[in-house]
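Two complexes come next, and they have one chain in common, chain A, joined by chain B in the first and chain C in the second.
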Partner chain A sequence: MTGMLAFLRFLLGTRRHMALLGLAVIAVFLAAALLAPLLYSWPSATLVNLGHALARPSLAFPLGADEMGRDMIARLVWGARMSLIVAGASVGVALLLGLLIGGLCGYYDNRASFITMRAMDAIISFPRILVAIMLITILGPGATSLTLAIAISSVPVFARLFRGPILSLKSRDFVLASRSLGAGDMRLLFRHVMPNISALIIVQGSISLAEAVLIASGLSFLSLGPQPPVPEWGAMIAQSRAHLLSTPHVVLVPGIALFVLVLALNLVGDGLRDFADPKSGHAGPRVAS
Partner chain B sequence: MGTARYIARRLIFSACLILGVSVILFAMINAIGNPIEILLAERPGMTDEVIESVSRYYGLDGSVTDRYFTWLWAILRFDFGTSIIYNQPVSEMLVTYGLETLKIQIPAILIALVVSVLISVMAATRQYSRLDFGVIAGAMLGHSLPGFFIGILLILVFSYWLGILPSYGAYSTRNMLMNSTLIDGLWHMVLPVGMLVFFNTATLTLLMRSSLVEVLRQDFITAARASGLPERRVVFGHALRNAFIPVLTYLGILFGVMLGTAPVTETVFTWPGLGALYIMAIQQLDYPLIMGETMIITFMLVGATLLTDIAYVAIDPRIRLA
Partner chain C sequence: MTPLLDVADLAVHFPVFRGPLRRKAGTVRAVDGVSLQVFRGETLALVGESGCGKSTLARAVLRLQEPSAGQLRFEGQDLLRLDRRAMKAARRRMRMVFQDPHASLNPRLRAGEIVGEAFDIHGCTRRERDAGVAELLTLVGLGPEHAARFPHEFSGGQRQRIGIARALALHPSLVVCDEPVSALDVSVQAQIVNLLMELQERLGLSYLFISHDLHLVEFIADRVAVMYLGRIVETAPIQSLYAAPLHPYTQALLAASPSIDPDRRHQHVVPDGEVPSPLSPPSGCAFHPRCPFAIANCRAEMPPLLTLAPGHDVRCWRAGEWAAAPQRAAIPVGS
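And then the complex of A and B:
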């Protein structure tokens, strides 16, 4: 909490209005996602009602209805919940596994860790979306396998990223001091080494969220994500595409929501990176692969 | 370490990698289940004789290890078996569809490279100017737009509202544009290439700009300026060459990006390429096609990484180890 306040103060102090705006946007999406069951019932987002098919925006349907007559705003809100859960869970799982692999391979610098890191390098040479597609082929489409596929496809990136700092931290004096006091490997790794890269973990995690949302929606667009009638923005765009010409709102609404959320996440991620390391400069490279 | 030994080591690593992928792929496909059972579920009432002959036809009889080595030996001869859905040799399909993929991906990458080099030179030489912030903001916006949404917006504007560009396919099935297959084909390429250029430029510009900014700060640039070289030669001759090194790493990945953007791009524009084929094969569980295409993708990616590693040594003599 204090970290959050310090971050806010940093953004206000350095007048990073775009990052603040991004933070506000994320707060709105997060609130919508959390309150989705209270705002709109699950049936209103999933039940077919052809009487309202492709209704234009009106008082009853503020954002119109899709080709199955489902309220777009209800689907949008439930879709926000889906996107944020998938992205959050996949980044969380990926961070845990990445820390575990990177931590162990950095701490134990032996043959096994060499081979593991080579395997990580090998996976990295494949585009993330292809790794995820291959995993979904095996796991079968759905929200859970989508989350797992995105998580596993980003583990090597995290593992490689965390290994370096851990490798250099473990030979620092304060670690050696603790070891000479009789601390075991696990205690050294988790109590002394890991806390020192917490800033890196938080920054990388937040930057990866935007990419996770993008990949999740792309895979859902390819119908490899949650299956109909579950609302997911990418899937909504794919399913309503046939009506792009007659009623563009059925495609534009989820598309714009996706764009706004990813942009907000990117802006906050950038702000967070500057907050953690003010010397890092502006908008460095972030390679999406 | 000598360059020859370095290259030899990379070659061995690449071969191991391809072999490893083939083992994992084969094991995983086998873990999902027997494709014959899926065929059976679709067409109940096949006699044992038929099942046996179908198994033999698709090479599904014998033990797992036997089948693996038969398959490995076959793919080394570029024989990937027969697609279950299309009933065509997979190797021929991979070539036809692969050429269609390259047809939009290569021009898109080249255009994006040229555009992003120009933009990033303009931005980096005027760091923190209004133009620089504009470029960063633009790249950030482009980076946040999902690729498929860009494609759909392009279709909405250019195919539906303006009605000047085709929205799907690589060729017209009838009424070729100006009665020329060439012009018609080019006309169909415009939107998919446009979408890819947009997507790639956004990513490449961010990378190039920050890399250039970093290089322009270094001492040898100051020295070059101090020796009286015109700014144009300092930027294009000295700075750009060094700024390319991180981008070159990216170029290896860029080949991956080409394959990574293919599924979505080709699905949006119903383009008959490898990406759309892969998704189709997965949805229909066409095993020979899935396995063949995965192996081809692996071959290409490993090859590209290998080439990048070698190019690295050529462009930057400092990198001799690793």
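And then the complex of A and C:
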């Protein structure tokens, strides 16, 4: 919590208005996702009502209705919930596995870790979306397999990213000092090495969230994600794309939501990176000109 | 009297891998057959140039670096034969103070957590730990109120005090000090050295004190071991080493160390050339390419460690000549 406050103070103090805006946008999406069941009932987002098909925005339907007559704003809010859960869970799983693999391969620098890291390199050499599609083909489409596919396709990136700093940290004097007191490997790894890369974990995690949201929508667009009638932004765009010219709002609403959320996550990620390492390129107090 | 620490023929070899297939290209003999003893309550200084293997030896003694060969006895136990549990127990009794007080304290932990880690590792209660931390911080000249601060809130000297407090937790008998003051300001060095000597007296500690500063060593040590390229070349009580150094390398070291006392200015006999690579040490006596007194035998055969006076051992073929003429004016001027 104090970290969050310090981050806010940093953003305000260095006039990083874009990151602040991103933070506000994320807060709105997060609130919508959390409160979705209270705001709009699940049936209102999923039940077909052809009487309202392709309704223009109005008081009854603030963002209009889709080609099945479902309230767009209800679907948008439930879609936000889906996107954030899939992105959050996949990044969480990927961070955990990435830290475990990167940590062990960095800490134990032996033949097994060499082979593991080369395997990671092999996975990285395929485009991420291809790896995810392969995994979903095996697991079958759905929210859970979408989450797992995104997570597993980003594990190698995390593992490589975390291995380097862990490799260098483990030979630092304070780790040696702790070992000389009788500390075991797990204590060294989790008390002395891991906490010293926490900034890297937070920054990389936040930037990966944006990527995960985008990939989740992309895969859903290809109908590899949650199946209809579950609202998901990418799937919404795919289903309604025939109506792009006649009633553009059905495609634009989820498209713009996706764009804004990904942009906001990226802006906050940049802010966090500067916060964690003020020496990195984009830093320095930004003076309004 | 049995020594507290008895190191016999200890060796630490590092394989060197080169090329894309990481083929073994050779071996660095960082420590190559070192024997030394530390007795209870004394300070043994280990001196030598950088790269001679001092720090590797220190780490091997504490089994932070696994030795390739040799024996290691500490408090009567054969350290190299201990299993994990027994080794952990032995670590209560032997500690290390590190050279760089900035690198040796985890920046994420508070001073109290750093000093108290030994208590956590060895299963003490929270109450025991907190009491121990307060006592240790006071012992090293800080106060219990410092426990809640992070390392970056301390000066270099204070950080080294924290490092010393950490080393003294749970009453060790042996403390290996790896150049504990060389990273500090000169004014702070004296304070830390005095603290170490005071603690030795109060707690009956034994020190293996690694240094390259001969004046400091003369002040703090009881005995000195001089190391060159992974081997001990001379061991002697402090007075006899400074009064009559027998190995040409020790003589060169003493001569190279500047003195403010005009009566003690030695003739400069700085050896020619660089320290040879420990990857391919010279044949025979490793010092012979730089030694102004080298004879044919020095190239051919490694001299044994000869005892020329009680407690004074030298590894030099011509040591007998030097011992016979301690006031040697025979230094070939200009060599």
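To be clear about the criterion, the second predicted complex is superposed on the first by the 282 of 289 C-alpha atoms of A that agree within 3 Å, B and C clash if a C-alpha of one lies under 4 Å from a C-alpha of the other, contacts with A are read in each partner's own complex, and residues count from 1 in each chain.
The rule is short, and it goes like this: a residue touches a chain if its C-beta (ideal position, glycine included) is under 8 Å from a C-beta of that chain, and two chains touch if they have at least 3 such contacts.
Everything numeric here is computed off the predicted structure, so don't read it as measured data.
J.: Who contacts more of chain A, chain B or chain C?
T.: Touched residues of chain A are more numerous for B.
J.: I'd like to know which partner A:R172 touches here: chain B for first, chain C for second, both or neither.
T.: second
J.: Where does A:P195 make contact in the superposed view: on chain B (first), on chain C (second), on both, or on neither?
T.: In the superposition, A:P195 contacts chain C only.
J.: For A:A210, decide between first (touching chain B), second (touching chain C), both and neither.
T.: A:A210: touches chain B, not chain C.
J.: For A:L258 in the superposed arrangement: first (chain B), second (chain C), both or neither?
T.: So A:L258 only meets chain B here.
J.: Considering each complex separately, which residues of chain A are in contact with chain B in the first and with chain C in the second?
T.: Comparing the two interfaces on chain A, one with chain B and one with chain C, no residues are shared.
J.: Can you check the complex and tell me which residues of chain B touch chain A?
T.: For this pair, the touching residues of chain B are 13, 17, 20-21, 28, 31-32, 136, 139-141, 143-149, 152-153, 155-156, 160, 203, 206-207, 209-211, 213, 246, 250, 252-253, 256-257, 259-260, 263-264, 267, 278-279, 282-283, 290, 294, 297-298, 301-302, 305.
J.: What residues of chain A sit close enough to touch chain C in their complex?
T.: Where chain A meets chain C, its residues are 172-174, 176-183, 187, 191-192, 195-196.
J.: Per the contact definition, I'd like the list of chain C residues that touch chain A in the complex.
T.: These residues of chain C touch chain A: 59, 62, 64, 87-88, 91-92, 95-96, 98-100, 103-109, 117-118, 121-122, 163, 166, 169.
J.: Within the complex, which stretch of chain A touches chain B?
T.: Answer in residue numbers: 118, 122, 125-130, 133-134, 136-138, 210, 214, 217-218, 221-224, 234, 237-238, 241, 244-245, 248, 251, 255, 258-259, 262-263, 266-267, 270, 281-289.
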